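Which chain is which? They are A, B, C, D, E and F, in the order written, and residues in each are numbered from 1.
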């Protein structure tokens, strides 16, 4: 079971200039073979399929807990993509030419199938599929896979970092490189504990230390490169048994965070994109219905949700206006 | 972000006679077009892609919160499949003929690629893919989709209930039919609140009321057919604005559960299946390593995890032995 | 544009003993690379994409007209599959074990996704896809492809004939082998007319003359191996310019049928399969609603459709009862 | 069985400036999950799989008859795509650089695999597949699906209308929006008749009335938004029992057309695109062969086919020349 | 470029009792994610994509040379599958029921699409696809991948060994386990040489030493677990720079074979399977044509090819007869 | 079994201006339905699946031997793609914007998944799959398929020749058109020998003789359009029995080459692309390790491999520098 906390693991910038072509590249980090759907689903199903959990508890806890973090990563990548698409479909709905500016974009389905939104696809428009999940049941193999998966994921993140200069993409990859590095270390440590094989010698791979990347620095400064969270109110205590020792690049001590999960930040409430009917029908009409439903249910008059760009008057405003 | 609670939403029976052919049919409820991967991922991505959340808060909360419940459903279906596969691969590892009994099973990859374990596939062995996710951004369309998706899902659940008599499959489908029914109602109510369209008149579809199904009864008795959980420590308060009124079949009042999530039950710790190296290498060897890692980390001597078949001596025992 | 005539091109036997495993093999002739979806869609899209139609009119007419016949073939294969599945899902709906007899069938989706019905898949459960369509625009290449496609299709039909002894499968393949042979000849003749290449020398391929197959005889006796229909009220007159000369196996003269299309036969109205909710909700309830809708619309009291097993009292009866 | 009439359901403009990038977007309406292949194939297979046809005759007739109309839609979308590609591949065949202008187009296979022609793919180049067909056998579910499918299709049509300003794309989407709207209404009415659920309250969805779209007006003026055709010489009489009552947007009375099918218009005979060998080999050579085959078969000297740009001298001329 | 030697790398037994269900499982070793198509294609494309070959020559030579060996593995797996299918389709061609015995087999396409023959699919009938190829260009990543791929491949081989007792399957897996082990070691050594990481500590994985498997023994006795072949007349000399040191399981010294490639054995000439038209048309007719073509070309009267079951009279005889 | 010779079948130009968009089009010739993966794999599996080899020896030898040549073609296409991508990713690794110039390229995975390298995909980014392999076992059908496959392949090659003006693409297609033509003739001759059908009359198709294409001329002058190589040290002697008679376009005599295989040329050693970590980690570091491994193994100090741009000092230099 999961509980959901309506916050992003890290801050992304608000929408600025739209970048649909860049957003199509960022899709690789969502639905690519080495994207976050793959990390999320691999660890999730490995934990579901884990036999002899009590006997191998520290390893089960590790895989199950990292799986939980990865949900936050598909959420973050989606938020980045949606941010980058914001502003690209603000034309008059139902009007010829309203989407003309994205006719030549690399992934038209972000606008035709979606409302200027994330798809469960890679950067070439191929859907993610269950074939990307490896779950053999053999602990050494699964951990070897996970180490390799994080290595490939790190490579892809670096490439997208180099390819897409939109602020949301850079903030995203800066964060994911740091956290992905932690997972690489975690799986290497697990294998070392099980077999003595020192996979940390393969670090970093590709050979770009995160300290060379400006967007990684705020997270490194907060020690995010050194700690695992449990992501559970009371379970997964035994990750501490595996995740310890020195960080292979910096020598600092690895540790378990005291907080259950990162504090996180409220997401931006991304504004309507009328030309793609997102949301439809009329936002104002929906807002009115919502208000009266709240009232009928005895809930507060104003929306109870917390968003980064919460106005003071209970009326949704366009983010872009708000921040400019 | 999510937190993970290491409990199943409902009790499944412990392993008994293995049923690999039945397990291949149950895969439809995991990775089929109308399986739980589809419900989980559709609502998850719709919530990620939701624009104007504040304006449409009750609807956002509804979709986001049901998404969280669906994680528990992929977990349950996996647990059922793994339960049904337990005992099918207990032969001597590395021995010719050890898996002879499953040579003719419908999905050989459960044993070749997996360790007698769930795959992210449907009942015909086709991987789930991201193309099954619908997220248009238009609220009416997305809710219409979700209503239809739950309808198809209910149909598939009924078929699997009829097709597979293994106790785990029956317990699974009994529970999912009840909870899926709640989601059908929730989306119908959302559409009714938005537009006045009375989709509850389509109920139930297929025309089998859950009260006719014995395996649904314990859940109905606990009122599980009437309530939504928030599945969040503090978010998603506004589901109460949408989910209310009479149940379309029974007339009872729909309500929001007081607890954040169902209490749930600890999962069975499914025993090793040596012939498929799950877990490998030797379970005892892993257990020993785990124990010494725990000790080194200052953790309790015995595993801290809670499982349904927790022994008193800290040593994993085969579930089947335990229950027979 | 098309008009639809609610008749099958040839008679299939009524349902008898169900044969779900056989039906999964027959799916190859529907959704396989060389199935009727492929012939239908290849010729259809080649006709849509045909440039310079006036200049190449006889060839356009040939491709466009055979495309129309192929619709009748996907209809026939579907009818055969549905016939073979009839009787396999008659158990009590919503009852555990009602579908137990098909738990081990090769294609469970015929029952889980469908109502004991045809899927758009091949015999291994893989969906037909648009990649199977070849349409280069170069007339010689397209005709070479079509000749090859019919050759592969003939091979598959023979294999299914050998593999599945259910009466519906044998009646189906007997008919399709004869008509597919006509199409092979037609494309060979087209190429011969264009280039002088004598592809008829490759006949028959595989080397089984249809006169050796009992189920082909009724059709050969009616001359169905010698004629093309126009399948159009007034178009496609110029097929006569291409389809003529002697049949490569028998030496008889090829000819254009005087009738626009085969007379055909009304289909059997296949009975309900309650355990798969086909049709759902209650057939009787639907029948009643239908009757009153007819009345309100000023239509005859009894159903106006013609089916092979039309009763005299306007009430649907189970086919199997009727014929036994 | 079908008969084919060599006419388009509505007039499209002749080729003008080519727009390959736009044509790649229009592919979504052909081979996308919500494209016309999906509507055509869903209703076709639902009609093939329909059990208890006599009992549910009005509903069978409705689905079977709309299926027939949808063939005309895949034909129309193809015609639009081919029109938009005309002129993009007129260079000298076999010459380096002849296709240089489309090297960067979004879907290169339209030129490499095809002859400047339609593919059975979506706007991201993914082939249509049989997995998009839903056919459960449960009438309520199938109709709910169809209503939802038409809703999604309408959304996609609006998006393509906004995205692609080429005259052929606008004429296409103007027509399809009107006819798709009729089908949405038809399925909503069917569900209302069966269950009382008033799905027409969801109209229109997305919230753009067709009367706001200039390209829809000629069709609305002819009443095309109010009527269903039977698309059959004598079958499908009972659609009248379902399709009646007021139009949900305009209140006008729905009705069955007196004509069997729309009169339609002859298609443009699209000119050769030599750089892609469409048609190949030499058009003139083919025309000569065709003429002598006609003569040998006792057919008229000139092509008998009727095309929009029929010349008076029996010689194919380039459409673009003819219309400029 | 390659040269082809018409010999198998190791001896497989001649056909005996057919085992189509077993053959469908063996397909995993051909077209599965961890099958030999994957090893062959991964190393082949990594060698094609290798930049800076001179600088990294020993590593390039290693990957390029192992790629060449893997061709022999897809050949061997195919030979095993075809051997297992021999005898399953010997009925009278074109006769109803001739293939009845394989109607229920797991992979009907082996007989419908193929002539009792290998498909490029996995054990669930899913085609191998190019997505299984990893080629990042980063040497450490590619080698890590290859090590992991061989680990997964070893696991799958063990599973198939356990699952399928047909002599051809056992001979196949016995050989492949030994050779796959060599490749695992080779990639581990390459990584160790590059980084110092001691991946050999993960050995063996799964934890079944090949010395426990009887079918591995003849190969181990010949030292096949210790040596790499260059598989090239003059290239790939530098594999010696990487592949050396002690074997991680036995401590014996790794070495480069003196012979360029294993001597190999001529394949069995598998007999006709008439019911699937393999080969068609009549074998005797083909043999006669072949003989006269040979004569006309001044070649020897008898076939020049060498096969394991070469008769003395130039006439193909059924293998099964020959060996029984 | 194969032996590998580290040479390309023909000379390609060294890298010049990068052309990633062109390279994405050339992918069609690698992983498209009619690309070289298809020719390679079709003939390879047909040879593996060939029954009654002795009886049909000349035909077996033909298919098996052409299969070997096709390996050289996937190698050549890859070399061309990699050449075209060289220079596109030379920026500073790990730096934002280093890959900005390829953000809008048609196939981003060439840079994200790969190191500026070939993928096993077609020009729309769809992976090649095993479904493209046809291997029926019926000799006439397989040869008909192969003839058709070569026809489609020739068409695709011509289209790519027209579309992509990069020198590497033109050199590639010039060569492949000549060799593909030889294969078309070979399969036509095989069919003629078996059946008398004169498929050579379909030549050339599309109707562009290779003598009109400048890039074909050097190869025609060397007689490459007339000869088959055996591609085997001692096998496949009997291709001479099938491949003889006059060339259908020029009337010159077809012949078997005296050399086993074309002499070929050493490949260019393509330079590092640092921004995509190909190769990683540091090229210089790898070179050093390689040198000391060579030394330890008693190999020559300098790399033993032969490349087109071999420097005299044992140090890899950038090709582009070398040739400018």
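General observations
Everything that follows uses one rule, which is that contacts are C-beta pairs under 8 Å (C-beta built on N, C-alpha and C of every residue); 3 or more make two chains touch, one makes a residue touch a chain.
Values in this document were obtained by computation on a predicted structure and should not be read as measured data.
Annotation: the chain A:chain D pair of sequence copies touches via predominantly different residues, less than half of the used numbers being shared. Rotation relating chain A to chain C, from a C-alpha superposition: 180°, rounded in steps of 5. Here the spacing of chain A and chain F, counted between their Cα centres, is 40 Å. In this assembly, the C-alpha centroid of chain C lies 23 Å from the C-alpha centroid of chain D.
In this assembly, the C-alpha centroid of chain D lies 49 Å from the C-alpha centroid of chain E. Among all residues of chain F, those that touch two or more other chains are 33, 106, 113, 121, 125-127, 131, 134, 136, 138, 140-141, 155, 205-206, 276-277, 280-281.
Interfaces, counted as pairs of touching chains, are A-B, A-D, A-E, A-F, B-C, B-D, B-E, C-D, C-E, C-F, D-F, E-F. Residues of chain D touching chain B in their complex: 33, 126, 131, 134, 136, 138, 140-141, 144-145, 147-148, 151-152, 155, 191, 195-202, 205-206. By the touch rule above, chain F contacts chain E in their complex via residues 1-9, 31, 37, 41, 44-45, 48-61, 64-65, 67-68, 71-72, 74-75, 78-79, 82, 113-121, 127-131, 133-141, 193-194, 231-238, 240-242, 244, 260-262, 264, 267, 269-273, 276-281, 283-284, 286-287, 289-290, 293-294, 296-299, 303-305, 307, 310-311, 314-316.
Chain D makes touch with chain F in their complex at residues 91, 93-100, 102-104, 106-109, 111-113, 121, 125-127, 275-277, 280-282. Residue ranges of chain A in contact with chain F, taken from their complex: 21-22, 24-25, 28, 32-34, 106, 122-126, 155-156, 158-165, 170, 205-208, 212-213, 215.
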